[in-house]
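Following are the structures in question.
In the two assemblies presented below, chain A is common to both, partnered first by chain B and then by chain C.
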Partner chain A sequence: MNPIFKILSNIGNQVTSRIWRLGSATRLFCLTLIYSSESFRRIHLTIREIYFTGVMSLIIIVVSAFFVGMVLGLQGYYTLQKYGSSESIGVLVALALLRELGPVVTALLFAGRAGTAITAEIGLMKATEQLSAMEMMAISPIARIISPRFWAGVISMPILASIFSMVGVMGGYLVAVPIIGVDHGAFWSQMNVNVDFRIDVINGLIKSFVFGVACTIIALYEGYDAPPTAEGVSRATTRTVVTSSLTVLGLDFILTSFMMSN
Partner chain B sequence: MAQKNIVEIKNLSFGYGNFMLHKDISMVFPRGKVTAIMGGSGCGKTTILRLIGGQIKPKAGQVTVDGKIVHKQDRQGIYELRRKMGMLFQHGALFTDLSVFDNVAFPMREHTKLPESMIRDLVLMKLNAVGLRGAHKLMPTELSGGMARRVALARAIALDPDIIMYDEPFAGLDPISMAVICDLIRTLNDALGATSIIVTHDVEEAFSFADYIYFVADGSVAAEGTPKELSKSKLPFVHQFVHGEKDGPVPFHHNAPSYKKDIYEWV
Partner chain C sequence: MDKTILDIWVGLFVAIGIAALMGLAMRVGNLTSNTLGETYTITANYENIGGLKPRAPVKSSGVVVGRIDKIQFDTQAYQAVVTLKIDKRYPFPKDTFANIYTSGLLGEQYISLEAGGDDHFLKEGDRVSKTQDAVVLEKLISQFLYSKASEESKK
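Moving on, here comes the complex of A and B:
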């Protein structure tokens, strides 16, 4: 076959299959929303999943946030001190965390910690015919399995991101005040004056809510769509991390540009 | 009025993509009887069960369950039909995050509003029927293959279905577990007044307890009859299958060009 023709048909194939997957992921998303009332009616299912996705991610979130905060403190101090404004360190740490690092790093960690677990669990349920069995019992797996996990992820993400920012600020404080010797009062008062609740805190929460929807639905879709074999599930798990990370970074750019333009 | 045949398959054709798996298959499953579907691996036996359960739609023809055409039902209608069916999956398909007790209780909790005390009694009764009342606290990973299948059977009959479908209930079991399952199928069928559809390739077992047998080969029904009729059958395919001969109408070799041609081409 003509090699150029081969390359073109390959590209065409890739594009159509991506669009196809995007379409079926959207379909799953809509069905999940339609079946949401069921997962709220039996709230214990959702709470159980919040425990598995949210609470179990706490350790990695807290530890990472602490280190990120400390590094921000060090780097920030190093630069600010050149301009003689090292007491602004609190503002810098808080804004960096609330606006960007909190939502984005939490989402990336979430994709690696909880997203992969969701994909593998659902993929294995499919491979072992548990989803089929549920359908044959006249129970929709989307209502019983997918929807509670979706809401658990969407609820957990903003909370995790808030915890991330909070712990990060503490990490920054620890480096700036006791270790480097920035004034305690200046650290907090500058932060207090320069951080705006609506612009910084609310926008950060909006971001992490959107990331929560994206990461969770990607993880769920990859699991639900995985070929029911060991190889299929392992590939789907990898794809969850790659797709979620790229989606989060892309969405972050789009959201930030909207928020800045106001 | 209740139909004589609870499940009927009429001129059914089905395939994945362009490949036709079933060509014009017709079968009937009379009420209260044990009917077996036999055939080689990959000939589409599981697919027939999935067609009866309405998980996939036929390309032509139809499946009727209790007088209703399955693929013409909306979602609600299919769910109503499925509540009359219990299915035992090939590998049990137990929910791995639930205990044995909760697995059996699952369909009851989802579909009925029975109080927990009554669910408890019913679950223990079902587990007792399969001889595993003592195992109700175990998790599915702690069960042997035979036990898992018995639990799955208890779950399949949790809501006293009219139709019980078994997908390869004997595959991979030791002779004792096999005899136990064999016995259970017959007992449950008669005790519940249910209709059983069994997909299997175990000749001996199927012939020992089925009332009627369909042989599927090459996408169509190659032979049918009572075990007695079939064991006397002179049809070459049935003969090969029943006696387990490796070559015959079903060839040992997968489709291939001549051996000589292959060898010379690759050098």
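Moving on, here comes the complex of A and C:
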């Protein structure tokens, strides 16, 4: 065949397969929502998953938030001090964390820590034919396996992001006030005046909620769709991290442009 | 894993999350300082409001007594009409001055109310007649240069 046709058909094939995957992911998402009443009726299933996705991610979230906050404090101080306004370091740290770093870094860490675990678990369940066995017993694997994990992820993400922002602010405080010597009162009062609850805190929560939906459904779909082999599961796990990270960063730009437009 | 231990961990997780959110709202954000009680609305006209924005504070003697509700443009008078929401606890006389000031050298702008001596108080929907526009730095500099130049020419 003509090499140009080959390239063209390759591109077309790629595009259609991407769209096909997007469509079947959306279908899984809708099915998950339809079956979500099951996961709330058997709330212990969801609680168990919140433990594995949320509580187990707590350590990595807290530690990284603390260091991110401290680095923000240091970097902010070096620049602000040139303009003689090192008191506004509290504002810088709080706004950066609440608006962007809290939701985004939490979502990236969540994709790496909890998303991969979800994909590998479901992929392995599929490879060992546990999902088919459930279907044979007339138990819907979406109601029993997918939906509780989805809701656990969606509930965990805003909580993790709030903890991230708060711990980050504490890290920034630790660097700015005791170590550098910015005034304690100015640090908090400047932050208080310039951070708006509705605009900054609530919008950050909305962001983390959207990221929670995106990251969890990507992890679930990649696991559910994985070829039932060892190689297939490993590839699906990699794809979860790559797709989730890119989706989070892209969605972040879209959400920010909507939130900042008014 | 034992079900009760699981419940305790998840409960703790959610509690920490709510505590963090409360901390963000109260300590970092301005949810507490934002609440005005019952308010009454007054308007003020300005030739130039500078960088005044809705939700900026209205202060009297440096104390926040209200917030700016909205800013419109009157096409009849070609003036800015600023609507202020003032806390009901703070009545102001009819001849109150409403001036636009800047907090600090480059800070945000706010409206300062300076009470006059009238016996009648401002009511809902009243208009403050005594206003002073925002100071525009360029105008100030050009005035200064102009007066300097006229001093020079007198010599």
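Here is the rule we use: the second predicted complex is superposed on the first by the 262 of 262 C-alpha atoms of A that agree within 3 Å, B and C clash if a C-alpha of one lies under 4 Å from a C-alpha of the other, contacts with A are read in each partner's own complex, and residues count from 1 in each chain.
As a convention for this text, contacts are C-beta pairs under 8 Å (C-beta built on N, C-alpha and C of every residue); 3 or more make two chains touch, one makes a residue touch a chain.
Quantities reported herein were computed from a predicted structural model and do not represent experimental measurements.
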State whether A:Glu135 touches chain B only (first), chain C only (second), both chains, or neither.
-> first
Winner by number of chain A residues touched, once chain B and chain C are compared | C
Go through the superposed model and pick first if A:Leu160 touches only chain B, second if only chain C, both, or neither.
-> second
For the complex, which residues does chain B have touching chain A?
-> 50, 53, 55, 78-80, 82-83, 85, 87, 89-91, 93-96, 106-107, 110-111
Please give the residue numbers of chain A that touch chain C in the complex, ascending.
-> 44, 47-48, 50-51, 54-55, 58, 94, 98, 156, 158-160, 162-163, 165-167, 169, 188, 191-193, 195-197, 200-201, 205
Chain A-facing residues of chain C, complex = 1, 3, 6-7, 9-10, 12-14, 16-18, 20-21, 23-25, 27-31, 33-34
List of chain A residues in touch with chain B within their complex = 124-125, 128-130, 132-133, 135-139, 144
